[in-house]
Structure formats: C-alpha cells, structure tokens
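Consider the two complexes below, in which chain A is the common component and chain B and chain C are the respective partners.
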Partner chain A sequence: MGSVGVGKTSLVERLVYQRFSPEYLSSIGVRVDKKSLELDDCKVNLLIWDIAGEFMTHKVYQKYLRGAAAVVCVFDVTREQSFLAIKSLISEISNEQINPIIYIIGNKIDLVKNKAEFNYLFLDESNVDMLTSAKDGEKVEEAFQFLSKILASNSPNLRRV
Partner chain B sequence: MSNPNAFEELKKILLEEDQRETKRINEDLRSELQVKIDELEAQLNDPVKFSSKIEASKKQIIDILGPVMGSMIRKYVSSEIEKLNDSIDKRKEKFFGLFKWRDKNIKNIQQPKIIEILLIEEESGLLLGKFSKDAISDTDMFAGMLTAIRSFMQEAVKSDNQDVSLIEYNDFRIFLHNYGSYYFCVIFEGRNSPGFIAFLRQEIDTFSDKHRMHISPQDTNDFPIDQLNGLMNTYFERTCAKLAEKLF
Partner chain C sequence: MKKNYEFLINQDGKILKTDAPFFDASINENVAFYFPMFIDFNVTLDIENFEMDIYEASINGEKYFFKLKIHSINRNAKNVYDFVLEAEDLTEEYIDKQKHQTAYNKISIKNEYLRETNVKLDSQIDYLRTFAFVLSHDFREPLAVIKSFHDLVDNALSEKRYDDITELNQLAKKQIDLLDQMVSSLLKLQQVTSEILSNSDSQLNLSHLLDKIAKDIYESEKLQLHNQVADDLILNIDETHFYVVFQNIISNAIKYRKGDLVDVEIVCKQKDHFIEIVCKDNGVGITDEDKRKAFQFGHKGSMHNQDEIASYGIGLFTVKNIIELYKGQIGIEGNKDEGTIVTIRLPNNLIVDQMASEIKENQQFMDAKSFQNILFVDDSETTNFINKSIFESLSLHCQFYSVKNGAEAMKYLLGAKPYNDQNLYPIPDLIFLDSSMPVMDGVSFAEAFSKIRDRFNINIKIAMLSSMPMQKLKMDTKDFGIDHYIQKPLSKEKLKQFLQFN
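Up next, the complex of A and B:
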C-alpha cells in the first residue's frame, strides 16, 4: 500500500511478469500478481495484491487487507507526505483487528544523487525495511526475498504445499 | 332388267342444276374471300393499320384471348407456385432437419461440463485446493483476483450477507458456493440449469461436511495443499462421473 505515485505498481512490475490487465487497478482498485521465490530451505509463493493509491481513501481497501499475511507499505523517499501517509495507514491497519506483518519500503532511491549525503530529514531509517529503486531494479528482489524469509519464519497464515 | 347406270343418270338429272349453283357460289365466295384475305394481309403487313385494328378491337381480343390467356397464366402461375412449393418443401426439409438434429444434439451440447473446481480462502484469496479436468492458466492468480473482485462487489453493494453466486464469461460459467472462511468456485461450460446448480451445491456440501477439518483455514496449516488436492480429485472425479449419467 502507499500514496499515489510512490511506485507500488512499478515495484511489482519489476518483480513479477504481469498477467492481469492494468485496467483492474483503475476499475476495482486492485490487481493480483504472483511471484515464486526460492529461499534457502523452501519455496515461497507470494500472492501480491497491488492496491491503487487512489483507493486508500476508499473503504474497500480494508477488505483487500483482510487475510493478508503481510502488508507492504511503500513511500517515495523524496516526498515526506507519502511517508506520513504510511504512518497513518499503519495505525489504521492496527485498528482493523488484523495482524499482518508490516513491511516498509522506501522507493525511488535512484532520485537521490548522493545517497551518503542525502538528508533523511523526515525519515527514521530504523523504521524502514528496505530502500529500493523500481526504476533501476535496485534491491527489489532482495526486498521481497527478505519479506519472504520473515513470512516463512513468523507467519501463522502460511499454507504448506 | 335393271340398268346399273340408271341411278347415276337419275342423280345427274335431279342434281345437275344444284351442283352448278353450288359451284358458282363457291367460286363467288372464294373470290370474295380472296379479296378479304388480301385486304387483311395488307393490313397485317402494315404495322400502323395493324395496331389501329388491334386498338379498335381491344375488347373483343380480350374477350377472345382472355380465357385462353387466363388459362395460360393460371397454368404458368400454378407451375411457378408448384416450383416454389417444391423449393419451400426442400428448405423446410433442411430447416426441420436441422431442428431434428438440434433436438437430438442440443441436450448433449448444453450438458454442463465441469472444467475446474477451486477451493479458495475467503479473505486472502489463497488457493486451498483444486480439482482440474481441463486446467485454466494460473489458478493461484485466478483465485486471488476472483476474491478481489468479490470483495469489491461486496463493498460496492454494501452487503456481507449477499454475494456473487454466478459469473458468466463467454462459454464459461463460474459458480461460487460460499461458506464462512472459504468458498468453492466451479468453472463449467454448458447450460446453467437450476437442477445442475442444485446438484453442484449438494456435491460441494457433502464434500465440505466430510472434510471440513482439512479445509477450514484455521485448522489446516498442518494439512498440506497437495493432500487436499488429492481428496478433491477423488471426490470430484466421482461427481463428474455422476454428472455424465445425468441430463440437466
């Protein structure tokens, strides 16, 4: 989840081969994709629900979150507002009586020319799980590998194949 | 003794005058007729005169030719109608032949055929198990997207109690049978008759009752999907066999 334009769909597109039409995103606010990842000792099938940023204010997005093993919250590292939106989202999720793993990704790191000197004024890095660039593909696969490991070791909602 | 020529001589004496008169009349008539024929011939060879003659005698011509022409026209029309009837009969034969073929085959064509049965977790859209006769492309993604669409519709019509139960797409139909934490999705082709839907519900309910402890998501984490697939395959193969014996 995340605000409009933070790069959620780009992240998913970088990760998986899309099969459903992107029109689903604008019509019902979600598109489901699948990604299989090989971990050290197992294979994880991720079913990724890419929820349109425009639907964050719509009640239906709460329905889309039900049953989720993890919620990947994406923000744009160059837009503080998108990070604040994530914080608000997380508190809403806690109120929804659902208990998914919250995984935070800061995207568009490619826009930061000098990462070492980049001033994360708004960012508490300890709260961010991964910084990625959907444009370059930087850390995208790693982000979902890392998430899969967390899920494989912690989630009670996983089904064995 | 009688004279054998007496009769001929008597005939000559009695009829000589009449014969002469008859001959004269014939010659007169012939010459008169010849004049008339010549006149007529001259008129017929002159198109202006002929057409004016026809025009002047139109009523008479119609009177004379009418019945003849009428009869000819009737004959022609009757023959054409006969031809038309023949043609209609042939077409009818083809047409009703098609109906007969249809009657014979339509039930077989429309007979529902199960393609796939998916068991899907209600909220996550995760595929819990499946039975495939003729597999669709990616059942995991299909299950997820179907669940998303259901969620959207439930929210759109603001009702958790009512749900989508049938989706039609081209030749395919998707029947959804809902339980609390999971639902079954039956993809089939053919006619969607109430009898078939009742049959499906019955079959699914029986399977669900029998294997609830393996299906229900909170109880199933230790029950591998492959085993559930095995149970579904065994059970729904029998359902398909039963279906083949029924006619909906």
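Up next, the complex of A and C:
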C-alpha cells in the first residue's frame, strides 16, 4: 500500500518479472501477483496484492487487510507527504481488529543517490525496513526476502522443505 | 459482446469448464494461472465469500479488468465442480478510466510538491518577519546607548570633566564592537541562507578543521578540546560552512562554561544512513525552554555566564541553516548543571571515498592538460606569478601569458599590437580574470569579450577571481558567460576544484 505514484506496481514488476517501465500508469483496483522465494530452510510463496494508491483515502483497502499476513507500506523517498500518508495508514491499521506485520519500504532511492536531497532523518524516527529502487532493482529482492524471513519465523503452519 | 464469464472449479482449484474466450481448455489449468490470488485455493482465502472490486489481470499478454465473485455450489455428482467464479469483464471501461486516473494522479503528485513548496515559502516569510523585528530591536538598543554616551560626552566636555570622557568613550566603543560583531554574524547568516551548494566537490578533513578552530577561537585558553574524530575522515563539505558551525558550537561551550575551563568532546560515528557528530561539554547545561528555542532566530540563552561576551541569537540559527543546507539535522540536549550535548546528523553520502576520489582527481588532472595556453589578466604581477606557481605545483605543463588589465587582454585576443605575433601570443584556452583592475576591470572585459567570443574557433574558458563578495559579482556578470568563479587568493585546493569542474 502507499500513496499514488510511489512505485508499488513497479516494485512488484521488478520483483516478479525483473522489469521496469519508466512510463507511469496508475493502478486501478487490485492486481495480484505471485512470487516464490527460497530462504535458507524453506520456500515462501508470496501472494502480493498490489492495491491502487487512491484506495488509501477511501478505506476500501480495509477488506483486503483481512487475511493478509503482512502489509507492505511503500513511500517515495523524495515526497515527504507520501511518508506522512504511510504513518497515518499504519495508525489506522493499528486501530483495526487485525494484526498484520507492517513492513515499510522507501522507494525511488535512485533519485537521491549521490545527492544530498534526501531528508534521511525520518528513517531514524520510524522503522523503515528497506530503501529500494524499483528502477535499478536495488534491494527489491532483498526487501521481500527479509519480509519473507519475518513471515516464516512468525508462521506456525510453516511447511518446511 | 459478452462481458461475463463463468469458471466452474473443483475443490483443488482446477478449472473444469468456462466460457471465457481466453481460456485454453486443453491446458487444463488451475484457476491460479489466470487469477493468482487463488494460488493456494483451499486455504488462502475465505473462498465462499470472495468478492473483489476490480482486479487487473494480464492474460496471454493482454490486460484485462475484471470484477470477480466466487461462490460455492452443491457438488455435482457428474461434473465434480464445487465453485463458480464469475468474472465480469470491465476492460473497455477501465482502460479509459486508467488513462484518466493516471493524468489525475500525476496532477496530484505535482500538487503535493507545490504544497510542500508553499509550506517552505510560508516559513521563509515567517523567518523574514522575525528577522526584521529582531534586527530593529537589537540594532536600536546599542545605537540608543551610543547616543546616550554621546550626550554625556557633550556634557562632560562643556563641564571640562575630561576623565569622564575617556571612560564614556570606552563604553561607547564596546557598543560599537557589539554592533560590528552583529553585522559580521548577519553577513555569515546571509551567505548561508542565500547560498546554493555550488561546490559540492569540496573535501574537508573534519578532524583538522576542529583542531584549527580550537587554536583560532576567542578565549581558546579556556577550552580543552578532546577531538575524537577519525583523522582519515574526509567529508564533501565546505570549509567555511563548517568552520562557522563548529566555531559557534565551541564558542557557546566556552561562553556557557562553569569555571575557568570547559571540556569539549567531539565524537563522530558512522551509522546506517547518516554520520553522527556529537559535541559534548561540561558547562552550565541548558534549560528546557532554551532547548526548545535554541535554534530560533534571535533567541538568547538564559544561562549566560559571561557578561562581557555578547549573545545575538544568530549563531545557532546560522548553524541550523548550514546543517539543513546539507540535508542534515541538529539537536541539542542536556540539563541544568550537567553540560550540553549538540548532535549533528549528516547524510552519509557526504563521506568521501578516498580511493575513488584519488582516481577521479588524477583523471581530471590528465584532462586538465588539455589547457595549453593560459592568460592571466591581473594588474598585480606578484599575483600572476603566484598563480602560475600554483599551476606548476600541480605539474600542469601549460604556457602562461599575462596582461595587466581588461583593455590589454582585449588587445591580446584581437591580435592588436604588441600582441600581433600569434606564435608569441597564442589564443589562450583559459583566461584567469581578476575582477578589479585599473583601465578596464574584469566585469567590463567579460561583457566586451562576450560579444566577440564567437569569433574564436577554440572554446575559451574564463575563470573570474575576486576578493569581493561573489554573489554580487555573479549577478553583475551573469550574462557574460563566466565559466567559474574563484574567491581570491587562488590556492592549490581551489585550483584542483576548478579543474574538477572544467
């Protein structure tokens, strides 16, 4: 989840299909993709629900949270507003009767690399789990690997391979 | 055209039957082939009540939008299917909607940026208001005192009390010094708030800078600096900026010391995303109110210990501006009588990778060899000689020529006498131009040269040197194609920076 234009679909495209399109096309509704990741001692099948950014303001997303093992919250590191939106979303999720793992990704790190443009300081205040670039592929696989490890260690019904 | 499809699915998720045209019955697929959310058909979802708003699917390379609904049905003994998935095809409608949504979202993102810019502008306006208020107050006070002293001097003169005059003059001088220091502080602040990080390649050894400040600083004998910063830490920061930063922090420690001496420990640690510089002293500490307001323009610390040292409420505000210029953050902690801790965080991309930097530097010097003929335009022969020596100290083997003013330089370039022999006076590919010279100064030369620049079939670069404030000079010459500005005097470091940019 995350505000419009933060790169949610691009992250999924990079993770699942190893591709990136510079052309921005808004997501409508929901797109679902699957990805299998091999961990040290198990294989995790991720079913990733890519929910359109505009749903952030409609509370439509709530029904998708039921049954979700984790919510990946994505923000654009160049747009502080998108980070504030994530903070507010996390607070809303905490008020629901659900308890998924919240995993925070700061995307578009390629735009600030080697530049002193990124107000990195909010990283310190919050627990941003990974900074990624869907464009370059930087840390995308690692982000979901890391999430998978958290999920695997939290799953009582884990089927070990 | 039919827009609703049905998929009859068994308990294992296998599609038994469908009227969807994209379905290849021979594949005998699992429903998850088309709809990945059913990958773990029996356990993933509350399947009997599954309903979605809009689902975007890519099927055989085509994009579809469906509204999906699934419900269980009674087991059919013959066909053995358990679920019906209804897929309402809304592709045509939603392809258009997606285009509109994309345009709308792009505008929303732009609006977000604009809103952020507005907030910044509002804060600038607030700052300017406070600035004007504090200035009018802080300048008026010493001026009023000076005026009073002046009146008293008049009285003393008329009453021939000459001893009083000396004392009054000394008191007035203190106020004048105060004003002078305020103006200096404001000038530094003005430089910082108006300056763009024009020279992000400047490299600074932080540890050396701290040692230098400890020697230079006013009342340095009252300072015991424990510099724990690694000696090999080089940062991509400007020396002047960070001199101001640490000079302010250290002089505050001296100002707010407990006894005759203050211990200041400066430690620098590299964290995951930033460099943290912690400056800790054992002074009088800081009140909660001062912590909140420490970085506000015009705020003066309440625990001021030394009456003879003035506080203008500008120093830490300037420091904060500098740190923010580098996208960093500064904070202040401490309690009364327990010393003060100032913490600075800077993006860790400011750390210079020494090896990469040296390779780059060497490459740039190699490239710099393309400068073959350099013309110095300066009325001081000594300056021309020193500048030439600095070039030579970097092993740059160029030919050097010099003229005394802009008018001579024009003659040189146009091949007028005595510069009419091109073998003796070749067209330079670099001009080092002083801004202030008799006859024709650097600005006038730059303007005149900009009109004839096209005549030359080589690209002549101009570096302008000046001891005047650069900002005004840049404004005055903005249309004349100056390639680089260098604050006088030229140094090896400044020349290296220039070569990196050119």
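Just so we're on the same page, the second predicted complex is superposed on the first by the 131 of 161 C-alpha atoms of A that agree within 3 Å, B and C clash if a C-alpha of one lies under 4 Å from a C-alpha of the other, contacts with A are read in each partner's own complex, and residues count from 1 in each chain.
In the analysis below, a residue touches a chain if its C-beta (ideal position, glycine included) is under 8 Å from a C-beta of that chain, and two chains touch if they have at least 3 such contacts.
Being a predicted model, the structure only gives us computed values, none of them experimental.
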Practice task
Report the partner of chain A that touches more of its residues: chain B or chain C.
Solution key: C
Practice task
With the two complexes superposed on chain A, say which partner A:G53 touches: chain B (first), chain C (second), both, or neither.
Solution key: second
Practice task
Would you check which partner chain A:A68 touches, where first means chain B only, second means chain C only, and both and neither mean what they say?
Solution key: first
Practice task
Tell me which partner A:R79 touches in the superposition: chain B (first), chain C (second), both or neither.
Solution key: second
Exercise for the section: Considering only the touch criterion stated at the top, classify A:N45 as touching first (chain B), second (chain C), both, or neither. Expected result: both
Practice task
Figure out whether A:V30 sits in contact with chain B (first) or chain C (second), or with both, or with neither.
Solution key: both
Exercise for the section: Scan A:V4 for contacts with chain B and chain C and give back first, second, both or neither. Expected result: second
Fill in the blank from the handout: On chain A, the footprints of chain B and chain C overlap at residues 24, 28-34, 45, 47, 49, 60, 66-67
Practice task
Provide the residue numbers of chain C that touch chain A in the complex, in ascending order.
Solution key: 32, 35-37, 39-40, 44-46, 52-57, 65, 94, 97-98, 101-102, 104-106, 108-109, 112-113, 115-116, 197, 200, 272-274, 326-329, 345, 347, 349-350
Problem - Of all residues in chain A, those that touch chain B in their complex - result: 19-20, 24, 28-34, 45, 47, 49, 59-60, 63-64, 66-69, 156-161
Completion exercise
Listed in rising order, chain A residues that touch chain C in their complex are 4-5, 24-34, 45, 47, 49, 53-54, 60, 66-67, 79-82, 113-121, 123-124
Practice task
Could you please specify the touching residues of chain B with respect to chain A in the complex?
Solution key: 121-126, 128, 137-138, 140-141, 144-145, 147-149, 151-152, 154-156, 217, 220-226
